[in-house]
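Please find the structures below.
What follows is chain A paired twice: with chain B in the first complex and chain C in the second.
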Partner chain A sequence: MRPLCTPADHRVSRRRWLGAAGAGLAGLCTPAVAQELRRRRKQVLFIWLDGGMSQLESWDPKPNTPFGGPLRAIPTSVPGVHISETLPQSARVMHRLAVVRSVSTQDNSHSAGVDRIQRGDPKNRGVVYPYFGSAVAKLAGAGDSGLPPYVWVKPMNGGFIYKDAGFLGPRYGALALGDGRPPENLLRPPGLDAAADDERNALRRLADQRYAAGRRPEHTEANSYAFEMAAQLQRRVELFDLSRLPARDQQRYGTHDLGRHLLLARRLLEAGVTFVKVTSYGWDSHGDHFNQALSQHPKFDQPFAAVIEDLHDRGMLDDVLVIAMAEFGRTPRINGHVGRDHWPEAWSVCMAGRGIKRGVVAGATNATGTDVATQPHDIGALFHTWWRALGIDPETTQFRNAGQPLPIAHEEMTPVTDVLA
Partner chain B sequence: MPRLVAVLAAVALVVADARADLAPRIDALVDAKAKADGAQVSPPADDGEFLRRATLDLAGTIPTAAEAKAFLADPAPRKRDKLLDRLLAAPTYAERMTDLFHGALMERLGDHPEWTAYLKKSFAANTPWDAMARDMLRADPKNPDTLGAAFFLAKRLENYGQNPVDHSALTRDVGRLFLGKNFQCCECHDHLFVEDYKQQDFQGLHAFFRNATLVNAAKLHVGEKLTTEKLAFASVFTKVAMATAPALPGGKMLDIPTFPKGQEFAEPPDRKTNSPGVPKFRTLAAAADLIPRAENRDFARNIVNRVWFALLGRGLVHPLDMHHARNPGSHPELLDLLADEFVTHKFDLKWLIGELVRTRAYQRSSRLPADAVMSDPWYFGTAIEKRLTADQLLNATVAATGADAKAAEALRAKFHKAFDNPSRDPEDEIAPSLRAALFVLHDPAVLKLFDPAPGSLVSRLAALPDEQVADELYLTVLTRRPTAAEAQTVRELLARHAGGRPAAVGRLAWALVASMEFGVNH
Partner chain C sequence: MPMPDPTKPVELGRPLVPPCQLTRLRFRPDGRVLAAAGCDGKVRRWDTSADAPTELPALDGHNGWVSGLVFSTSALVTTDSWGRLTARDADGRQLWTVETAHAGWARAVAVTADGNLLATGGRDGFVRFWDARTGTKTGEANATADVLSVGFAPDGKAVLAGDLFGVVREFEAPGGRAGRTFEARELHRLDRVQDVGGVRCLLVTPDGRTLVVGGAEPKTGGFVECTPLMIAFDRPSGKRLWQWKGGAPAEGYVTDLAWHPGGYVVACTSGQPGQGKVFFLKPGDAQPFFQVPKPNVHSVAVTADGTKLAAALTNANSAGNGRVRGQGGDYPQNHSPVQLWRLPS
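Showing the complex of A and B:
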């Protein structure tokens, strides 16, 4: 396993993480774009199927072909569009989805793939690009939700994952909720009443204010940001209590990890979080692939269809861009362990919601699914597509890193216009 | 003109001290650069700030209120030097250095009691840095005195889950931590942005370490397999086949000796005892011999830069592991001077530290000069705040709140969990930590420190008359007297809570311990 090349002398000092904060949106985009940003809400639900979901057992089935495997294709709510029988619920809501079947990317290792895909693989400029979540947090802002702009719901551990932010600086990192749970120590202990808590925090802020006068701002601002985030989350503790939701919701999403986590994601989006990433692990099926697909894909299918329906019912699909993807697809060739290996050459990404056409399939692979038969789309093209869908123009919007203007998407690529509304 | 006289007088005072012969030369270089570029320089730290800074840096904790009072009241002109002498001679010096070097060298990969014991013993004896580095790189399983040092290699030779042993990361870490050069990108190709860093540099260094193997993790037994031929590699760009024997970056390749078959081992492998044997040609021994040497400039420059960073808050070369021709650092002559003198003084860390803490650069205030723009940090014109390590923070919290030793030990693991950077993350930068904020806000064990208890700060303060509380509180927690405004805040609060006085005092004390001023070494 080759470690990812991360040139340390080009990493931006975390000390500078607040440097751009004062400039805000104005420093990043033209006034017209900033105005547009303020007018409409922009949210993203990013579902990451870590390890790589098989396109052949999901969005691009090839039944009765040499590499098609034993599973069937089923019709969907869009006449003429078929997807794998492992996704019956998604088939039911296909008229709200768009699938790009012509995705072709560069990295076939997990370590490089996850990073390159989520950072949009811009041309190497010697800086560490932000993950899509951090980029959206920066460009779309936190809105008036009173919650951090980038929240990551994932199995296992949580924490504040500042590394996602790359050169944007740690403020744009991800607040990770391990297993959807609130962070440790979130609740004020029973012995401490609210008035006493307010008083001691007011004293603390006063002390910080006095200390900061005449000193470098970095430490104090980093510290206040952490305490602010803590206060924000405390005000919204109820978000983490799924038991307050109707039992029907929990049944529709399922009680498994991805089910609970997507239900929490819906709640976070309803509460106004700008970017919610939900990660599911266990998709890297190098062996016994078809049994794994039969057990794993329904765990995605059920809550995915549920969240699409819920966002639609609430009128939120006009605001929320939904993306379901992984770092690559899986090989058409079935290996000796009845598995499928890593296949960045030809795979599929599903999206829906804000700025995206409903009920379309863009691009196609060849008859056996080994290659893209239409124009191939690298991750840079998808970033262009998503920025456009969010109403952020990649031609006129730039990041600024210590004065250096940097494109928000690979400048030699263009969006997948077939799926743009 | 009076200012110049004052400066000259200060210089004369330091020069008069025979022990501090390096400090004025350091200050001359730092001041010359600031002056040439018109960078603002802050006045010297006041006694309280200096006492707190030096105690945290050299003893890993804060002074007691009594120590603070005594130091502030001491009229002796050389009281700062005396304090530094005392701190450098105290047993707490070895404890603090152990915390500092453990963090820098292991980057929270893990810990081992033998390793901690080795570090403590070495710093207590002021073992020269070259000897310590030699112990770590040699990892001699037969020498019980230095066995703990093997943890540096042993921990990095462990498997992580199902991943194979990451020898490349070990090579990278040796380059970063002992030579100040991060060759990570050069594993697969010449560095794309750093001309000096070649793939040969990584691979030559890798040839020393790629055959190292972990025989027994618990016993810190590191062995090595035979090295019989050159390491083959090719750039992923040019695909040209290359090969290298063990070689230091930019240095000559070693000759790989050939032995008749069956005679490669000084001590043959033994399947019964699971011993890998001891090769006659030991590349780890070769690395331990070649890296920590006076002639190896990288070795000396790296460590003086890291010690400078630990005390002054930023490396002369920054990031610490990016020494190269196009990143000569803020004060190239100063780095050369430090490296030369450190070698001349036989890699004596305590001597180096003693010199650095006696500089005016170290002793400046962290406050801006009045009505001035703060200069960029690399001028060292204003003291740079350093985040406290989990151990420093725990020691300081315990000292401030008067918690007993048992309570302190119970808190250690919690403090590490709350305040440590993620493992493998260098500790040279600040990141906002939600976990730490919530820990300070709500963890019951933290809050308990602010309940009244025999000998606790809160009980002591609650028993004082109102007008004495602020002084005692600020001296105990922040090593300084309160300003008029701060004293007034305290008086007003006490007046509001004539009833629940201990609880109100507890909130006051908590607010100061949770504040920025407490959480950094300023």
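Showing the complex of A and C:
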């Protein structure tokens, strides 16, 4: 393998590949396929690299250019497509991935950016839109697994995160599993028999009713709902015992947080959870950025490639839409303490699975990576893309907020058709 | 000859202004040439015979960042972040090159005092030895982790390699047999899924008895808050001798070290936002006897006779300026001004 490449290599060979891929995949875009997509299960694995992963050290490298940094680009399993040397496992499964290199969004702050991105940055109508996870929970439903539709695997603490749901109401919030642990204190204690447990729960329900009196029903119902959902998940406690899995699984995903959490995510998807979000914190590399990338990117790369392979091997990649992204990319310019700052102007998102073409790169940045050189795509365009990939038509599907119809994606944007199957 | 008075360094005019950021500076042993390793894949040189340096032609031939740089008695040897090792003569002509000295980033290079043997350390976790005249590999040692810094003992019989996890391993040169290990693990922290820190630089004192390592005590990853830290070990026994620690978590890493013939350490730091300094520390002292703040200093170099000092800084306002565009929409790189000092006698 020739490890060295230039931006010119990418342009020429990627075009060649897209031409070939387009010819081969054109037949998929038929009404029958669209109908099949609508019929199949709709699940999402949403990997959130909080703080902002550098596009230049991941999906859109610019080696040997002024802002390219020290690292190399490597070939992938898709002829002509190169990604950063920090992602060798993703390079190996590139033929199952789609990368949009023309993402250009509006917010460069974490506090506002996370919300704007995960809510799809719709037009301001004076309402708080739901996060994508809550929106999928509402529109795709919980399925027949009996499990919560929106589960968030994250480091540190868990809980029920109702704010994600926005105007949909708290019951569409996220059930967060702190460090991938099951909800605590829900199992019947060993010394308590079933009858006593029933009595105890009857008392709890009575207390709930008294608490609910005089309060807004959507909050109190959500409280009961969250309890039931958590209890349901707790009854599937075996899902959380990763030690029962083959040692090879744990090795393939890694024993670090992100590896364990993505392995749990696979288990939750297998069990039927509709939307699983996995968050990794600490990607805001304003200082010593390249050593950060060398340390941290492989810990994304390894379990990401593993989960893509596993979903494929289980036939689930046709049902599960996989998205890996953050609130923005990182600046081309390298600051004085060798960091990259926030850069919403031109960055990349990787996706795979349900409704997504495989082995394609859409859009491009200019030679130095400072700006999008093709049609830019804001987060609204990505929401359109994801809804279509899930078989939910954003043109004809609306939310209802107290009778008010609201679009599920920014109505002035359109999907990134180059990545839609 | 009386030694220069180190407490009164005099800045030699305005800084030199290369167009890119720099990773390393080193003087040729005679002090007449200063070379700089660039983040544009070039090596820049200045004739420093006079107080006002003149720029010499830049040297191409590297990829990514030039990251290691050392003068042997007869050659300028450099490494880059794509793994290449190259030697050039005094006129900049390539003597030899090794395309893949390391699988990935060749972080650092060192040379023995007699100029015959080179050692490189790489992200692949290896220390490799090279014949300085031919570029032939003469041995290697597995250091097991990303090697950030290397330095020879003065007698050339051993090399010391500092890694990402705060460990320095001593290896016989060029055979590679493992010797003593020096633990400075407070230079590393696992923050969430990021390994932060490491032994960023090291030196062995001319008597061969003291190993000084530089880095920082990390508090967080991501933004990287860390307090500069320098630790000295007694090489024969492996015991700690002294340490110096900076004052605040924003002061950043000790990024480079040099030994001044007057018997003290010259060091520099780079933190955020824009913090940095050049300072002189006598072994065992609690505080530097000279320090001057400069923005994000990434390397220092001292001439063999101790009369000149150079430091690679970063341009003003380079802290967190990643998004700033010029009025015309231009988007220039940051760069590393090089400040020279004379140490007067």
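Note that in this section the second predicted complex is superposed on the first by the 348 of 421 C-alpha atoms of A that agree within 3 Å, B and C clash if a C-alpha of one lies under 4 Å from a C-alpha of the other, contacts with A are read in each partner's own complex, and residues count from 1 in each chain.
Here is the rule we use: a residue touches a chain if its C-beta (ideal position, glycine included) is under 8 Å from a C-beta of that chain, and two chains touch if they have at least 3 such contacts.
All values derive from a computational prediction rather than experimental measurement.
Of the two partner chains placed by superposition, only chain B is touched by A:Pro170; chain C is not. In the superposition on chain A, A:Asp288 contacts chain C only, with no contact to chain B. Contacts of A:Ser280 after superposition: chain C is touched, whereas chain B is not reached.
Once chain A of one complex is fitted onto chain A of the other, the partner contacts of A:Ser109 are absent, as it touches neither chain B nor chain C. When the two complexes are overlaid on their common chain A, residue A:Thr220 makes contact with chain B while staying clear of chain C. Once chain A of one complex is fitted onto chain A of the other, the partner contacts of A:Asn366 are absent, as it touches neither chain B nor chain C.
Of the two partner chains, chain B is the only one touched by A:Ala212; chain C is not.
Under the contact criterion defined above, the residues of chain A that touch both chain B in one complex and chain C in the other are 3. Per the touch definition, chain A reaches chain B in the complex via residues 1-3, 5-11, 13-15, 17, 124, 126, 159-160, 162, 170-171, 173, 175, 183-189, 191-192, 196, 199-201, 203-204, 206-208, 210-212, 214-216, 218-220, 222-223, 225-227, 229-230, 233.
Across the complex, chain C is touched by residues 3-4, 51, 63-64, 66-72, 85, 108, 155, 256-258, 280-288, 291-292, 294-296, 299, 330-343, 345, 368, 370 of chain A. Of all the residues in chain C, the ones that touch chain A in their complex are 20-21, 39-41, 63-65, 67, 80-82, 104-105, 123, 146, 164, 191-196, 198, 221-224, 252-253, 270-274, 276, 295-296, 298, 314-315, 318-323, 331-334. Contact residues of chain B toward chain A in the complex are 163-164, 166, 168-169, 172, 182, 184-185, 187-188, 191-194, 319, 321-322, 324, 327, 366-368, 370, 374, 377, 382, 384-385, 387, 422, 429-439, 441-444, 447, 483, 485-486, 489, 493, 503, 507-508, 510-512, 514-517, 519-520, 522.
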